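Structures follow.
What follows is a pair of complexes built around chain A, which joins chain B in one and chain C in the other.
After this line comes the complex of A and B, so read on.
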C-alpha cells in the first residue's frame, strides 16, 4: 500500500517528515505534553499565582471567613517585624556559610583532590559523601543531633578537654551550618568532578611544563575553564539552601529561643502555628525574590568574567 | 630528573591522601551513633560501644504502628509519585526531544526555571489552596503535588535520555503512518528502559526522604509516611529510646541505600548528574 504514495525525498531533519505542518497536526504533536502542562498548571503555577494574591490579603486559617485586600500591609509589617528581619539575617548567614562557602569550596576541594587517585580512595570518599546526601533529611537531622548533644559522640571524642557542652544550645547556627555542609557537599562534588573531567589534561600539563605552580594552575587555568559549572552550581545550591527546613527543624527547631530560626522556619511558625497565611505567603514571596536576586548576581558575575 | 619529580610528588601525594582520609572520617563520624546505638539495648546519644549487642531495638520498633504502616505509606506515596512522574515526564519529553519548535523551547526554559524553585516557599500557598478544595489529608492529593514538584527535573532528565535514542528508527515508522503514540511505545520506550529506571528511582528516593510536603499536607498519623512519623517518634519517645530511634532510622534509610547502590552499580558513580543534567 505504501508504494502508492509518491516517493519522499530523504529526510534530513525530523520535523520535515514527522506529522505534517497543518495547524491541527501541530496541536496533535504537542498532545503528549497535556498531562505535564495540567499537572504543572494546577499544582505549581496555580499556587504561585495564588500566592501573589494571598500575599496582599489578611487571609488567616481560622476565625474570620472574610478575606480583605490589605495592599502592601504584609510587606510593611515585615519591615517592622524584628523577628522577621532577624530570621532573614540568619538565612543569609546560613546560605553564605553552608552553601556558598562550605559546600561549594569543600565540593571543589574534594573533586580536585580525587583527580587521578586510586579507585579505592575515590569510591570510599565519594561513597561516604554521597551517603550523607542520600540519607533522608530527618535521619540526617537525628545523626547530627546525637553527634552534637551534651552526651553525644563529639563530646565523648573530645573527652576530658573540659569543653563538653550541648553544642546545639551553645552554637546553634554553627551546628546547623556544619550539618548542612556535611549533607550538601555531595552535589557540588559531583558537579565539579563532571566539570573537571572535561578539561583536557594536556592544557594543565603544558602549564606545569612552563613552571606554573599548583596554585597558579588552579587560579589561571582550571577555575576559568569550569567557570560555568561554578555559576550553575552556586545558583542551584543557593536556591536549595535558602529554603532548607527539615534539617534545622529536626536539629534545633529554630531554637534556643529564635537563635537559629531562619526565614523558612519563621514562615512555618507564622503560617501554621499562628495561622497567618497571608503574612506567611508574603514571606514566601520575599524568599523567592531573594533567590532571584542571588541568581541575577551570579549571572552578572559570569558575564563580567566573560567581558 | 625522574628523582626530582618523584621527590616533589611524594609529599603532595601523602598530604592529598591525608586530607582525603580526614574528610572521609569526618563524613563517617555522624553515622557512628546510628549504627552503634541501634544494636545496643538502652543506648544513649553517644556512639559509645558497651559490647552488649542485641536486636532488641529492632524488635521493639518492628510493629505495625511504628514501622510497617508508615513504611507502607511511604511506599505508596513515593511509588505513586515516581510512577506518575515517570509516565507524565516521558510523554512530555517526546515532543520536546523529537520536534523543534519555539513552544517546546520556551517550555524547556520554564522547566529549567522551576527546577530551581524552592518548594518550601510555595508550601504555604499550596496549603491554602488545598484547604479550599478539600485536599488536605488526602494521599492522592499529596501524590499529585509531589509529582508536579518533581516533574520539572524528571522531564529534563527524560528529554536528555530520549535525545540519546537515534531518531532514524522512528522515521521509518512515521513514513509507514505510525502516530506519536505508536512510535513512542514500540520504538523509543524499549530503547530507554535505563533512562526510565533512573528517573523512576531518582524520584522515588527523593520523595522517600521528603519531610516538609507530607508534614504539611497529611494530618492523620495513619496516613503519614515514615519521614513524618519518624520525626513524631523522635519528639515523643526519642529522648528516652535512642536505640529504637536509631533502629527505626536504619530501617527507614535501608531502601534508599539499596536503590542508590543498585543505580551506581549499573550506571557508575555520578549517574544522576553526568548523564542526565548535561545537554
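After this line comes the complex of A and C, so read on.
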C-alpha cells in the first residue's frame, strides 16, 4: 500500500519550517478535523453516553414526570427477571447456533470448496449466496415466514407426507437460526475467500509433496494461516447476531409465548411496549458485556500473537 | 462498529423515533396563534384524518388569525402510543391537542403531558350532552377531567344464522350462561364438521385484542375483576380468573376454537373478518361492535353486503347467568389538551368544535363508533346508519372499563402470556394463574396486589 503513495515533494519539508512545531501550529493541523469530531461527538458519543446514563435511571416513556437516578436497580432487577434470563439463554443459543456454528462453518466450507473452481462456478455460487445477504432484513424475514408458515411453501412441498405444520410455531428457534444462517453465510464466505487467496500456493504444494492428506493440509497449513481472519470473522458475526432484531421480529415476533424472545426483542418490549426506557437500555449494556466476553474468548482460544 | 450498535440499541431506536416524529412535525412547537393537533392515521383508519381536515377548515374560518397544524402520525396502534409519548416528552414538540386512548390517559396524566379541562368544560354548554359514564372515561385519580370522549365501543357475540339453522340451533339465539355458549359450540362441532364453532381471541399474537375482547369479556362476567377500586390494588388471583382461563382451556382443548397455530398468528384478525366469517367457516365470534366496518360497501376493505342478514348478535352472558345477565367491555378515545399548550383556550376551542353535535355525528357514523353525546345517540341519521347500532349501544348499560392505570400495559401482557400457556396446553389454569401473580407482583410491587 505504502509503495503506491506518491513521493513527497521536497519543497514542503523546507528546513526552516519543519522542525519547529509550536502548539498553535498543532492546533491548526487539527482544525480541519473539528467538524468531523464534533459530528462524531454529537451523533456517536452523545447517544452512547446518554444510554449509559439512562441505564442507571428509571426513565420511562410515559407514566412518570420525573427521571430518578436508581443506581444499579435495573441490573439487580434483571437478575431476578426470569423472562430476561430466558431471553439471554435464547440469545446465546441463537448466536452459537446461527453465527458461530452455522454462518462461520458454512462460510468456511463454501470458501474452501470454491477454491480453484472454474470462474463460472464461482460466480454462480457466490452470486446466489450474496443475493441472500443483499436482501433487506425484513424482506428476508418475510420470505422465511412465507416459506415456513402453515399454508407456506415448505408445507406445500411436503404436502403428501402428512407432516404439515406451522414450523414457526413448532420449532421457532430452529426456524430463526436457519434463516439467519441462510442470510449471513455470505459474509463469512467473503471473509474466508479473501483470507484463503492470501495463502501462498507453494506452502500447500510443499505439504502435499511431503504426503500430507487433505485434512492434514487444512488442519496444519490452511487454518493456522487464516487464524486472524477466523478471529475477526467470529467477532464481527457474533456482535452482528447478538443485536439481531428485524429477522426474528418479522418471523415470530418472539413467540409463540416467549419461545423465540431473544434479548433484543425483550429489550424492545420493555422499552417501547412497557415504556421502561431505563430498564431496556440497561439490558443493552448487558448485551455489550456479553459481546465483550465473546470477543475475549475468541482472542484466547486462537492466540494471535503466537502465530 | 457493531458493538456500539449493541450499546446504543435502545438509545438509537429512541433517537430514530424522535427523529422520525420530529421530521413529520417539523416546527410543531406551540405558539399562541398556532394549534397543533396530533392523531393517528393508519391503514384503513382514515376517517379521523378526514374529520380533522374538515374541522381545521371550520376552525380557521371562525377564528381568523389562527392556524391549525395537523400532525397525522402514521403508525399502528402500539407505535402510535410510543410516538405520541416521544412527542410529548419535549415541550418543543408536544402537540396542543392529541388523540388519546382512554386506557393510556392516566399514564399520560401521571407523566404530566395533559392539562385539566374542568374550567373550560364548565363553560361549555354541550358538556351536559355527554353521558355520566363517558365523562368518567378521562377522569383522573385527582378527580379532574383531561379529555373529551369521541365515541366508544362494546363487545358481544356475532353468530352465523345460516350455520345455526343447519345445526338445528334456535335463531335468534341468546345464551344465558357460559355453559349455554359451550353447548351451542359443541353442537356445531358435532353437526357441522369443517366449521370452527367459536372464536375467542387469545395469546400474544392478538395483543390487547386478546386481553380485552377475549379474557376480560370472560372475567368481567364472573364475580371478580382485575382491579379492586376500593382498596386501590390489583386482584391477581381469584376464582373468576382461574375459571376464565378454564374456559379458554376448554374451547382450545376440545377444539371448539381455531387451531392455536392459526389463532396465535398476528394476522389472524384479518383472516377472520376477510375469510372465515364471510366464508361461513366460523359459527360464533366474540368480537367488537366495529367488526361490520370491514364489510360496509364503499368504505370497508372487504365488502360483504349479506353480512347484516347472515350474522346475528347476542350479548355475552355472565358466567352463571348472574345479574345483570350480560356483560361487555368498552374502550374509546378522547381529545385532550397538552400541558405545554401556549393557548389552552384556543386548543380547547378546537376540541369543542371537533366534538360538537354535527361533527361528532359525522365521525361516529364514519368510524362506526357508539355515540357519547345524547343528542347524537337520538339522531335518526345515526340510528339508521348501521343495523347493529341499537344492539351495541344498549350494551353500554352492562359495560365495564379497563383499569386504566400506568401498569395496565404490563398486566395486559401478563394476561396474554397466561392465556397462551393455557391454550397451548403448556400450563394448567392454576399454574398459569400462579405465574400471572408473580408477573403482577413484579410489575406493580407486592404491596399493590390482593386476591379476590
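Simple rule for what comes next: the second predicted complex is superposed on the first by the 283 of 307 C-alpha atoms of A that agree within 3 Å, B and C clash if a C-alpha of one lies under 4 Å from a C-alpha of the other, contacts with A are read in each partner's own complex, and residues count from 1 in each chain.
Just so it is clear, contacts are C-beta pairs under 8 Å (C-beta built on N, C-alpha and C of every residue); 3 or more make two chains touch, one makes a residue touch a chain.
The structure displayed is predicted, hence computed values, not measured ones.
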- Message: Going by the contact rule set out at the top, does A:134 touch chain B (first), chain C (second), both, or neither?
- Response: first
- Can A:31 be said to touch chain B (first), chain C (second), both, or neither? first
- Between chain B (first) and chain C (second), which does A:126 come into contact with in this model arrangement: first, second, both, or neither? first
- In the overlay, answer first, second, both or neither for which of chain B and chain C A:275 touches. second
- Does chain B (first) or chain C (second) touch A:191, or do both, or does neither? first
- Message: According to the stated criteria, A:58 is in contact with first (chain B), second (chain C), both, or neither; which is it?
- Response: neither
- Message: Touch test for A:146: chain B only (first), chain C only (second), both, or neither?
- Response: first
- Item | Superposition-derived comparison: chain B or chain C, residues of chain A touched | B
- Message: Applying the document's definition of touch, where does A:284 land relative to chain B and chain C: first, second, both, or neither?
- Response: both
- Message: Counting contacts the way the document defines them, which residues of chain A are shared by the two interfaces, the one with chain B and the one with chain C?
- Response: 44, 47-48, 50-51, 54, 61, 149, 236, 239-240, 242-243, 245, 264, 267, 271-272, 277, 280-281, 283-285, 287-288, 291
- chain B residues touching chain A in their complex are 12, 16-17, 19-20, 23-24, 26-34, 37, 44-48, 87-89, 91-92, 94-96, 98-101, 103-104, 107, 110, 114, 116-129, 131, 144-145, 147-149, 151-152, 155, 167, 170-171, 174-177, 179-181, 184, 205, 208-212, 216, 227, 230-231, 234, 238, 242, 245-246, 249, 252-253, 256-257, 260, 269-270, 272-274, 278
- Within the complex, which stretch of chain C touches chain A? 2-15, 78-79, 81-82, 85-86, 88-89, 104, 107-108, 110-113, 203-205, 260-262, 264-266, 406, 409-410, 413, 417, 420-421, 424, 426, 442
- Query: Any idea which chain A residues touch chain B in the complex?
  - Reply: 2, 8, 11, 13-15, 17-19, 26, 28-33, 35-37, 39-40, 42-44, 46-48, 50-51, 54, 59, 61, 106, 109-110, 113-114, 117, 121-126, 128-132, 134-140, 142-147, 149, 151-153, 155-157, 179, 182, 187, 190-191, 193-194, 197, 214, 235-236, 239-240, 242-246, 249-250, 264, 267, 271-272, 277, 280-281, 283-285, 287-288, 291, 295
- Message: For a test of understanding, state which residues of chain A touch chain C in their complex under the given definition.
- Response: 44, 47-48, 50-52, 54, 60-65, 80-81, 149-150, 165-166, 169-170, 236, 239-240, 242-243, 245, 253, 255-258, 264, 267-269, 271-275, 277, 280-281, 283-285, 287-288, 291-292
